[in-house]
Every structure is written in structure tokens, then in C-alpha cells.
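Presented sequentially are two complexes of chain A, the first with chain B as partner and the second with chain C.
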Partner chain A sequence: MTASASMAAADNEPEFDNPDIVGAHARIAAGKALIWAASILFVAALLVQTLYAAGAIGFGFATWRPILYAYALWGIALGVGQVMARGEAGLRALFVLPAALFTLAVAIFPTLFGFYIASLDWNLAALGGPHFNDFDNFVQMFHDPYYWNALANMVFYVVMVLAEYAIAFGLALLLNAEIRARKFFRVAFLIPFMLSPVAVSWMIGKSLMEYRFGPLARLARDFGWQTPAFFAYPWTARFTIEALDAWMWIPFMVILLLAGLQAMSKEVIEAAKVDGASPWQAFWKVTFPLMLPVSITTLLIRIIFKLKLADIVITVTGGGPGGATDTVSSFIYRVYRDRSNVGYGTALAMFYLILIILFLMLLLRIAKRFTRNVV
Partner chain B sequence: MAVTADLDDSFAQPGNTQRAKIVVGRVLVYGALIIWAIVCLFPIYWTVTTSFKSAIDVTHGHLVPWLDFIPNWKGWGSLGLSPDTIFQISTPRHEFIGRFENSIFISIGASLLALLLGSLAAYGLSRFQYKFGPMKNDDILFFFISQLILPPVVLALPFLVLYKELALLDTRIGLIFVYTLTVLPIVVWIMRDQFNTIPVELDEAALVDGLSIWGVFFRIILPITLPGLVAAFILSLVLTWNEYFFASLLTASDAKTLPVMVASQTGSQGINWWSMAALSAAAIAPLVIVGIFLERYIVKGLSTGAVK
Partner chain C sequence: MKIETYEQIMRAQLSRRRLLQGAAMTGAAAALGTAGGLGGFASPAHAQASGLSDAEKALRKQILQIPGVGKGSPTDADYRKVGELCLAPTKAAIKEGEFKGVELTFMGLNNQNTHDFLFRGFLHSWEEYTGAKINWIDLAQADYNARLQQAISTGTIDWDMLEMGAPFEGDVCGRGLTSEMPDWVKKMIDTEDYVNYLKPPVGTWDGKLYRVSIDGDCHNFNYRTDYFSDKDLAKAWKDAGHKGEWGLPKTWQEVQEVTKFLKGKTIGGQPAWGYLDPPKPWGGFGFYFLASRTTAYAKYPGEAAWLFDPDTMKPRVNNPAFVRAIQDVVDALPYEPPNQINADPNETGFAEFLGGTGSMVVWWGDVGAAAKTSDTSVVGDVCGFSILPGSDDVYNSKTGKWEKPSSGPNYAPNLAYLGWGIYVMKKVDSDDKKHKAAWSAAAHLGGKDLALWTSAYPSGFQCYRNSQHDIDEWVEAGYDRGYITSYLDSQFNSYNHPNAAIEPRIPGIFQYYSLAEDELAKVFAGQEKPQEGADKIAAAWEKLTDQLGREQQIKFYKAALGK
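Take a look at the complex of A and B:
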């Protein structure tokens, strides 16, 4: 608590050329006192409620909600105290403080809490409540073929980002060419990104691809695929889910790549043309290398979102057939929905989080090397 | 003479092939553009037309209204939104409007909260030097933006447990907090980029004129970055309106959002195509309209940071 009070302390210490030095000192002392008082109040409320929940004392709140209010109050007191104690620097700290306190409460604390839950045997449907189980969850995880299957599927989905990227790059080049009705095409290409994955699941997954009457199934029959069951076999199902996800996210990549293309100076391409380069050569020798930084940003963001893929899998296939389309998220969703097993589900999620962080750190390192070599 | 004729030929020949090449190129370009536009728009066309079909039109695969089939209001009627049912009491409509309200309230609330928290933090990080323990500005920025990689599944179950204790399950405000968190990194990213493009001299001039740093922010800087704010807001709106994962886990009845309603209808087998189509069409309509009219802002929001 005192550590966050020192945020932004680097800048200006309170100015002592203030003529009203005694008043300033009183203000600083009051500010510090306010922060301390609020901190003590918050810790006291937390303590009382913890003891009450543990059954050690007879009084407390019915829910933990008042602790949330105490936290909000403490945040406000911290802000006010900062301004009083540190003047200008406190006013500056006030810009970052709300977002920092919010993230602390809503992201950092739940994540840490998640690591705690992950070590518990906790079934919400069971009466017993949580109890510590010596990391049995992680042992169980290593023997869970469905979890590793879901991780393997994630590898497939992430690799397919490269195919999405190739298509998106092509579309961005088309939009960047001199064409009529550019506005229309830009809006049309953007639309899939605006749609709710759940609605798309029905619109495409359940109706366009419906085995008997779906237009896509009819089309497939016309092309000679007599049994167009898009979700019946593992590999077709996997590719179909990937296609659905690609359909929704390619617009996003197109927009980023198009922005990159438009920021590129036209003269470079013209110069390449004058030098007698064919369009093919001009693309590979000039456009593509210049676009590399934008491409890497695009790919990274797309991979981050790909790693969250869940909605369409849950609503279209439910992970089937036989787990062939499962993503880690959709699998954990089912672990919770079917078995109410909070402890095990969280353990799986936490392990996944660690894998993601390692993977993205590796990607960032590779990306850095790539851009350094080219530019 | 022979020389000039030769010359003419040698000029005319490449000219013709050149032109042919250009024509072929045009055809290919527009062909590809039109094919992808159809890929993008056909599912929407299909959904909207299907919501006006009856069973026989679906099974026969009729596609074009009035030519192939006679549109009717059955699908919309089942939602209570057709002309003949709009003034009658309708349970599905009541439920639909409730979900719709929840979605609007939650997505707008979360986007506004994220915009407030995010733009404040972004402005601070673009203008002042902070130090928090070993963390400097870049680290604090990375701290905010790195929240983007947190998959919903990591937070979902802890939230479920915590919200149960906090009595925030199935409440709008509970979902607003979660959604704010999911879009905050994006808002910080977009807005810092926006503030960085405004010269610091402007702030300094305003400070000299006697405004406080908060006065500078609200009276001078924010109005200038209005387009950026709108872009960040709309992008947040898109992401929060469509969110399904948290909504399905953290709501039960009161705060259920539109995607959860759509998903629960999809799950039940044997539901009428036309009513499902009407429901899907109604669920996507607001954002399709936003996409058509505010495309500029979405593009601006998305492409921030991609180009340096």
C-alpha cells in the first residue's frame, strides 16, 4: 500500500519555496494521515470478514460486497491523499492511479486467486466445499488425454493464422490497388468482424452448412461431395471451425495490413517499376520487406486473439467429434459446465496461461530478431 | 518507309499486349474483390431472407424473395416483432427486449468506463514520467497492454467464485467490470498513440495560460482527440457487444445478454429456421449498421499502432 503511494514520487518533491510552509506541512501530514487511516480501515474490514467467513468470530457481513466498497473507498482516499501530500506530483499520479487500481482488483488479484483455486479440490456442485489437494489437479492434468488433445488443436489453429495472413495480405493489396467503389468493398470486407460469433455460429455453422438444406451443403454436392457433413469427421470439422474463425478475423488483418500499405511511400514501388522489376519481384523485394514490421504486429495480435478462441467451438460443435475441434478454452468451459469442477478447470487454465506467456515471449524475441535483420 | 512501318509495328505490338494484360488484370482484380464481397455478405443476406421464409422455402433452397418465394412475417412474428404482433403482448419479445437492453447497457457502460480509465492512464503515460518501484513508464504501459493476452478462460472461474462471494453474479455491473478489463488494454494503446501525436507545446502553452494539468487534459487535449476517442469507443463496443464466454458463465437470468440468448436458442434442436434467422438478424443488426456508417472510425481504431 505504501509502495503504491510512492508511485510518481520520482518527479517533484513538494516545493519548499512555498511561502506558506507551515500550511504546506500540515497539508502533507493530513494527506499521509488520510492514506493511513483508509488503509487501516480497509485492512480491518478485510480481517473482520476473513475471520467471520472462517467462523472464528460471530460478527461480520453477509457477503464480501462491503470489502469491495472498502477497496473503492481506500482507492479514493489514496488519490486524495496523494494530491494533498504531494501536490503537483500527486495530481499527475491521479491520471494512472484509477486504471492501475482497477487492473489490480480485476485482473491481478483474480489471477493470483486463480493460482490458489488451482491447488484445491473444489467442486461447486459438491457439498463439501474446497479443500487443499496437494497439486493433484496438475498430476491429473498430465494424464488427461483430452487436455493435451485440446493443446494440440491449438497448435493447428495457431499455425493456420499464417494462411489467414496470406489471404488477408492478398485482399489488402486488392483494396490498395486503384479500384472503383473502394468504399463499398472496404465496408463489405469489414462486416464479418462486426458480427457476434454466436450469431455466426448459427448463420453459417448451423444453417448455411446444414446437411440437408444448407446452401453451402448444396454447393458442395454440386461440386461432387455427396455427403457434405461439415462437422462429422475430425479433420473436416477442424478445418470448418478454422474457416469460420478465419472468416470473422480476416477483416481485422486486412485493415491492419491495408493501413501499412497506405503508409508506405508510393515512390519506392514506382522506383522498383522504373528499374524494370516485374510486379512479382516488386512485391517480394520491396513491398513485403517494407511491410514486415506491420505484418509482425498483425500476426502477433491475431495469435493473441486466436489463443482465446472458444465461442464458435462451444456453440457449433461443442468440441466434437471426439474432441477434434476442442480449444483449450472450450474444453475448460465443458469441464466446468459438465462437472462443476472449479479447482481442476482453473488448474488447466493456469497451466495454459503459463504456456501462452512463454510462447508469446518466444515469439516476441523471434520477431525482434526478424525486424532487426531487415531494417 | 519500311523503317517507320517497322517502328510502328514494334510500338503497336507491345501496346496491344499491354492493353490486353491490363484488361485481364482488371478482370482478375474485380473478380477477386466481388467473390470475397459475396463471401462476406452472403451469410447476412441468407439470414435476413430466411427470416421471411416458411418451411417449404427453406427445404427447397429458395434464395430470391418474390421470385423464388413469397416473404412472410412468420419469423419476426415468433419474436413478436412483426406488424401484426407488435401491439400484442408477446413473451418472446419481452425476453428479447430485456436481453437487448442488457447488452446495450453493459456494452456502453463498459466502453465508457474503459474509455475514462484508459484515456486518463494513456495521457499520463504520454506526458509525465512515473516511477513505481523498478517500473518506469514503458513498464507501466506494458503492464496495461499485456493484460490483452489474458485469455477469458483464465479469469472466468476465479470470477465465478469471487462474484458469488461479492453477490455480483448475474448483475449488469459485474459484467461491466469484466468487460472493461477486456477492452482496457486496447483503449490504452489507441489513446496513447493519439496523445503522442499532439505536441507537448500545446499543453505547455495552456499551462502558462493558467490551466491546471487536469484543466489542460479536459479542456484542451480531449476535444482534440475526439476522433480517437470515438474510434476507441466503437471498437470497445464491438468487442463487448459480441462477448459470449464471460456472459454465459457469469449470468443466469437477470443480466443475460443477447449472445447468450442466441446461443441458448441455437442449442435446442428442431427450432424453426425462420425464428432463429430473425433472432440472429436482430442480434447482428445494430453492429452491421454501426459498421456501415462508422467504418472510418473502426478502421482508425484498429490500425492504430500497426503503423509507426
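Take a look at the complex of A and C:
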């Protein structure tokens, strides 16, 4: 019998005479006590260690690992205490509690900790160690031309997602049509997506496009471009990096769009044909609107990945020439790796995270308006 | 691996080669086969030159035959054999099994399968003899700085011995994290044999010695001999009305002139190119290449400082000398291969120059070491070496004026990076046995004879001892006399140059370099004027100095300059 059931059954009896009610009360009290005790233990351990790390007290743990153990213990006690104190409701809570605690530990806490790091003047080579510097890192960021240059480049890269989408849609339509070796092409199209970006950077960016002996450079010469230096001029470098990235990611978009096309009712297209719609009209008036929800999802996922573009840039151009291909991630990488500037690098990353969240929320809102009449 | 076992394997390999490759290879195999005995190789001339005993000479000759110049890359078996043959100093100082039960952790690099890979082999017999065990932390070069700085910053140093470049000494020795070298180690590794520039203050902080050198570094000038002896180019040079004879440029002014002249010319049917700049950032290391173009302008004879004012840490990177060097790069780039703006030092030295593109390049000794031994090099027979070019005038930062030395061009080789060394961490000082074991292992790796072998074979390490400049020794090992003389002279004449520019061993030095690289990339791409870019670099450096602690940086910089 659960605690609530036993309490209901004993409604007519005086509470102090009913052993079930007395037992339930005791269990509830024990559960609450367990939660309180574990919480106090965890908070006390955290407080002691924080004060010790700050140099305010002379005792504490050598590392932060015991705090992790205290957190795990607190989590277990919280689960057990919930069941004891809330009975069936507590049991239901157990379905969510581990996931919530895990999310707290690996997502929410690191994010908050990231904001704390972002508020520090922390250069690993500084003998003084980290120290709080208000919002200086963010002020510095607003005056950092490299960061804004990288953000401007990101606008270009994100806009180019539309071109990638158009190509991907065309390929998805092709693969959805009754063509020969359709299954082969579906697998073959995926190969670029399976390749490591670093491998693509070397194989294509630094080998096939190599100025002296690269086959693509030779081909370009055959077409009349006598100095096929793909990465020597800002716009050619930008477009070439974009082409490399697009080559890898278009297959991913194709797969999503193809899944959408295959899930779409064929009767609607046939009805449009019967009504005399041309292929273009059938696509533009029927297929494209029906595909909007899938398209929006595809574009959003692609944009999220695009905003993290770094590996190809770092490997092929290092952000050059003169920052023309730099991305926010490749710039942050330099700030961290080459300059050990942990506080400032984290500030850049956290601000970028906020920008991404705001941008995606805006996109979702716009997308909702577009798809309202479709879904 | 025991020497007898190794030789058995080698004999077996040679037998197969004899069967497969015929009589020509038999001669080489026979030569190698005779390398096992001691004492049979003494050359009177060599003995006279080096001042070594017959046994020492024989040992050095023996190890230089492992595996033999032109007989392919050395393997782990070779490393082990060389390590075992060079174990005599250890055996003289340490009893067998003396370090039984001691475990040491060594952090080093795994660049191009060298560094730690060699150390493992070299220390194999040391471990067997002493009873100690070494655990390894292998790092890629790109991860090295971050791993080192994070461990220091978070107090999680988990190694007892460290392979480290001198520029990091400010970060590590400056914080008192290293163990002072005992006197017995100084004698064992013969620190007096080091080339002058690697002697203190390099390796020292507050007068205490911490470093066992295993490498020497400087930028030298690599050039194509076929270009500068080409009759057609000589005629074209005359026809174009240039002053003087066609030949190897001696100054940066001449390098500029030759680079501009060569564009549009051909040699051997291929496009001819002059000097190759590496403008693409390279994790901070790219700044060394601008520095090498600058030292002749900025390093004033008699004054050690050239990058900062030592009393204030005010950067000199925006003074007229640096700006002139930056302008030189900007002026030269249009005359270099079209994709040069996207070439980093690695591509410039190895893909371009060793691949046959360009006639002049500055690099560490690796280019010369690889020119004749690398399969990808096509310039091994037409490669020459010298110290860095000079300048007709030099900037005096005290007077703020350019001066023309009466003695001729101002030369100032860039002693970039100062080479790798082995450091023992201070945390072993509390355990006498571990302390002795760690220093014994470090001394073994920094041994005089081992040094000869590492500079003769692919290892990532160059010469750093005077005893390595015995040309006869190299020629006997199989090197061409002209080639090796030119190469070694370019190295040693840089090391021992009275006006050499010394590396500033201050904490965070690669942060300074990395900041400069970003700004220089904009200048080279034409987005900023050289002076504007240089001023921005100086401003960024000032800010970084404040962040790292100006007073502390001044103290470290002066210590690095030996003040």
C-alpha cells in the first residue's frame, strides 16, 4: 500500500491510534530529513571548499573531486527522500530526477561556470593567476576588430546556407525521382559528409587546390586562370572555404530533404498534374510549400553547424588572408591555444552563445509565421 | 635490446638485402658489418682535430654508422643500440640496479615520430641497467603550450622530467618549478662543450642552471647554388643594368633586389623565384621569420636587447627597423609565387623550397638536414647555406638614427627558439633516489656522443656542441664535404656570432608572437600600412605585458639577456 492509499483508508480513525498513519508520517519525516541532511552536507562541503580555494579558511580538500562525490550522494539522497516523503509522486519524480541532475551537472552548471570564467582576467602565463575583472573582457570584446571581423564573416557563411539549401533541394528532388542506380547515388552522395573536415582540408584545400601541382589548380589554368591561387585573395578564399564546407554538408541536407519528399503524399502532386500544373508549378505551388517544415528544420540545423565552422579554416587558411576567412570559432581557438587567454576566450565564447540563441529564436519565430498555413 | 641481438638482426637484414640487391649493396653491408668493433676506426687527423681518445673516437664513428648515412631512416632498434653504446658515463656514475623501484614520468613531443620516440629507445638500456621505469606523456607540438600552461596554472604538474624549449623557461623555471642541476651532471654532460650562446644565461634563472641541452637552434639562410651560378641569369642581371656581379645576396637589400629581378625569369625551364616569405600565421612561430628579416636592421652591435626596451618592456616592434622589415615583406610578396600569402613556414621550407620552388629561404637547421636525406627533396645537390643576410645600415634605438657601420654590413643571426632541453621538475627534490634517477636519465639524453648521432640523423635536433663541428667526422660518416661544411658553418657561425640576436625567454613569449602574427597577416594582405600594423602590435604587446605583470616581465627579460 502506498502512503497516500494508507492515509485515505485510515481517514475515519484518530491519527495517533492508526499505525499506518503514524508510519507514513514517520516515513515522510525521515524522507524530508534525509533530503535536508544531504542538502546541508552538500552545501557545507561546497562552502568549505569554496572558502578554502579562496584562501579564506585553512582547511579543505586538496581537489574538488569530493564535491563531485557530495553532489552524487545528494542526488541519491534526493531520489530516495522523494520516494519516502512523497510516495507515488516521488516515484514518478524518479523518472525525471536523474536526467535533471545530470543536465544540471553537465550543461547548466558548466554554462554558469563559463560566465564566471568569462568575468576573470585569466591568462595562463600570468604569474598572478586569475582574478575578477568585472566586465572588462566584454568591453574589450566590443573593441576587438578581429572578433567583429569574424562575426561579419559568419554573416557571409550563414547567408551561403541558402545557396547550399537550393543545391541540396535540387539533389534531393533528383534522388527522389525514378532515376537509374538511385540507391547507389543516395549512398555515394553521403560520402563527403562521412569524411573528416581535417582530411577534406588536406585532401582538397591543401592538395587538389595546391597552387603548383594541384589538379584543380591545373584545371583552372586550362580554363584560363593563370594564377589559380584559391586562398590568396579575400573573396576567392572566402568562396573556396565556403565551397569546401558546402561540399561536406550538402549531403546532410539532401538526406533530410529527401526524407521529407518521401514522406510527402504523392497524390497531391498527381492531383496537381491532373489539374494541368506544369512541373515548375507543381514544385513551386505544391512541393515547396509542403516541404517548408522540413526545409526550416534543415536550415536551422545547418545554420547551427555553420556557426561552429572552424576546422577547415584553421587547417587551410588559418583565417587568412588578413582575416578574410576567419570565423568566430577559429578566432576563439587562437585566443585559447596560442595566447592561453582563458578569461577573454571564454567571454567571446559566451557572448557568441547568447548571439546564437537569440538568432535561432528569431529564426524560429520567423519560421513559425511562414509555416503557420502549411502545417 | 642487447647489442649482439641487434647485430644479429642487422646481419639478417643485410643478408636479405645482399640477395635482393646484388653486389653493390654487399659492399655497403660489409662496411656496416665492420662497424661493430671498437678501436679500428681511429683517424690520426680526426684525433688531432677533436682531442678525443681513441676509444671515444671509435665509439663516435661506430654510432655514426647506425644505420649509416644514405641507408634509410633509423628505427627503434637503432635508437636502442645507440643508447646502449652511449651508456658508459651512466655506468661510471651509477651502480647497476641503483634505481630499482623508481618510476619517472617524462613529458615530451611526438613530432614526426621523433623526440619521445628517440628518447624511449635511448633510455631503454638505461632503464634496464638502473632498474628505473619511465612512463611517457607524448604531446603534439600544437598541444604542448596549452598542456604545459594548464598544468602549471592549475597546479597539476604530473611529470617529473620535461622536454622543453628555452623560450618556455620564463614560464617554468621563472616560477621555481624546476630542479637545479647537480654538479656531477654538469661534468657528465660536459657543459663546457656547449656552443657559447647556449651557455648561461640560457638554461639558468637567478644564476642556477636547470637545463640539459639536447638541441641548438638558429635561423640560417638556405639558397640554391644553381641559381647563383646560372650563366643565363648572370647575363640577364647584367643586361638589366644591376650593379655588381650576379651572385648570392649578402644583405637583405640585395635579397630584395634579386627577388624582384627573378620574377618572370626561368631556370631549367621552370619559373624562377627569389626569396620565400611565410606570411601565414603559424601558432606564433611565424613571427620568427619576420624577426629574421629584422635582426640585421634592429640588432645594434653591443646591445643585447632588440625586441623590447629592457628597462620598461616598451616594444620595439614598431620602431623604424621592424617597420622596414615589414615593408620589405610587403614589397617582396608580389614578386613571390602567387599563393605565397597562404604559405606558412612549414610549406615554405619543405613543400616549396625543398620541392624546387624558390631560391632563398630562412629556416631552422631542419631544411639543411632534410635537403639531402628527405625523399621529397629535389634540391639536395644544389643547396647551399650561410648565416642570415646582413644590412648596409643598422638602426640605433638609443639615438633613433640609422647608422652605416664602417666595417661593412651589419650581420645579426637570429638565435630563434634556442633549442630543446631536458628539465627535471623540482618536485623530485624531496626524494633523493628519484632526484638522482631523473638527473641521470636527463644526463644520458644530453650526452656528448648521443648529441653527435642526433644531429647526423633525422631527430628534430641540431648541433649544439663545439665537438659536433668536426667536419672529418661527418665526412667519414658519409656526408659530402662541401655540403656539410657549408651547412655546419652556417649553424656554428650563427651560434658564435658576436652580434647574434638572442631569444627573449619571458613568460608568454608565444602570446606576443601570436598577437603579432594576426596583425601582420592584415598588413601582408594589404589591409593596413606597415607602420599602422606595427603600432597595433606594440599596443597589443603593451596590454599583454600589463596582463602578465610588467615588473615581473622586466625582471625576466633582463635575466634572459644576462643582465
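By definition in this document, the second predicted complex is superposed on the first by the 347 of 375 C-alpha atoms of A that agree within 3 Å, B and C clash if a C-alpha of one lies under 4 Å from a C-alpha of the other, contacts with A are read in each partner's own complex, and residues count from 1 in each chain.
One rule holds in what follows: contacts are C-beta pairs under 8 Å (C-beta built on N, C-alpha and C of every residue); 3 or more make two chains touch, one makes a residue touch a chain.
If you're wondering where the values come from, they're calculated on a predicted model, not measured in any experiment.
In the superposed pair of complexes, A:340 makes contact with chain C only, with no contact to chain B. In the superposed model, A:95 makes contact with chain B only, not with chain C. For chain A, the partner touching the most residues, choosing from chain B and chain C, is B. With both structures placed on the common chain, the touch criterion links A:362 to neither chain B nor chain C. In the overlay built on the shared chain, the residue A:218 is in contact with chain B alone; chain C does not reach it.
In the superposition on chain A, A:155 makes contact with neither chain B nor chain C. Of the two partner chains placed by the overlay, only chain B lies in contact with A:259; chain C stays clear of it.
Applying the stated contact rule after C-alpha superposition, one finds that A:191 touches chain B and leaves chain C untouched. Counting contacts by the rule stated earlier, residues 124, 212, 336 of chain A appear in both its interface with chain B and its interface with chain C.
Across the complex, chain B meets chain A through its residues 29-30, 32-33, 36-37, 39-41, 43-44, 46-47, 50, 58-59, 61, 63, 116-118, 120-121, 123-125, 128-133, 140, 143-144, 147-162, 165-168, 177-178, 180-181, 184, 188, 212-214, 217, 238, 241-242, 244-245, 248-249, 258-260, 262-263, 265-267, 273, 276-277, 280, 283-284, 287-288, 290-292, 295, 298-299, 302-303, 305-308. Within the complex, the chain A residues that touch chain B are 3-4, 6-11, 63-65, 67-68, 88, 91-96, 98-100, 102-103, 106-107, 110-111, 113-114, 117, 124, 170-171, 174-175, 177, 179, 184-204, 206-208, 212-213, 215, 218, 247, 251-252, 255-256, 258-260, 263, 293-294, 297-298, 304, 307-308, 310-311, 314-315, 328-329, 332-333, 336, 342, 345-346, 349-350, 352-353, 356-357, 360. Per the touch definition, chain C reaches chain A in the complex via residues 142, 145-146, 149-150, 152-153, 171, 174-175, 279-284, 337-342, 344, 351, 355, 357, 507-508, 510-511, 514-515, 518, 521-527, 544, 547-549, 552.
If you check the complex, the residues on chain A that touch chain C are 121, 123-129, 146, 210-212, 227, 229-232, 234, 237, 317-324, 334, 336-341.
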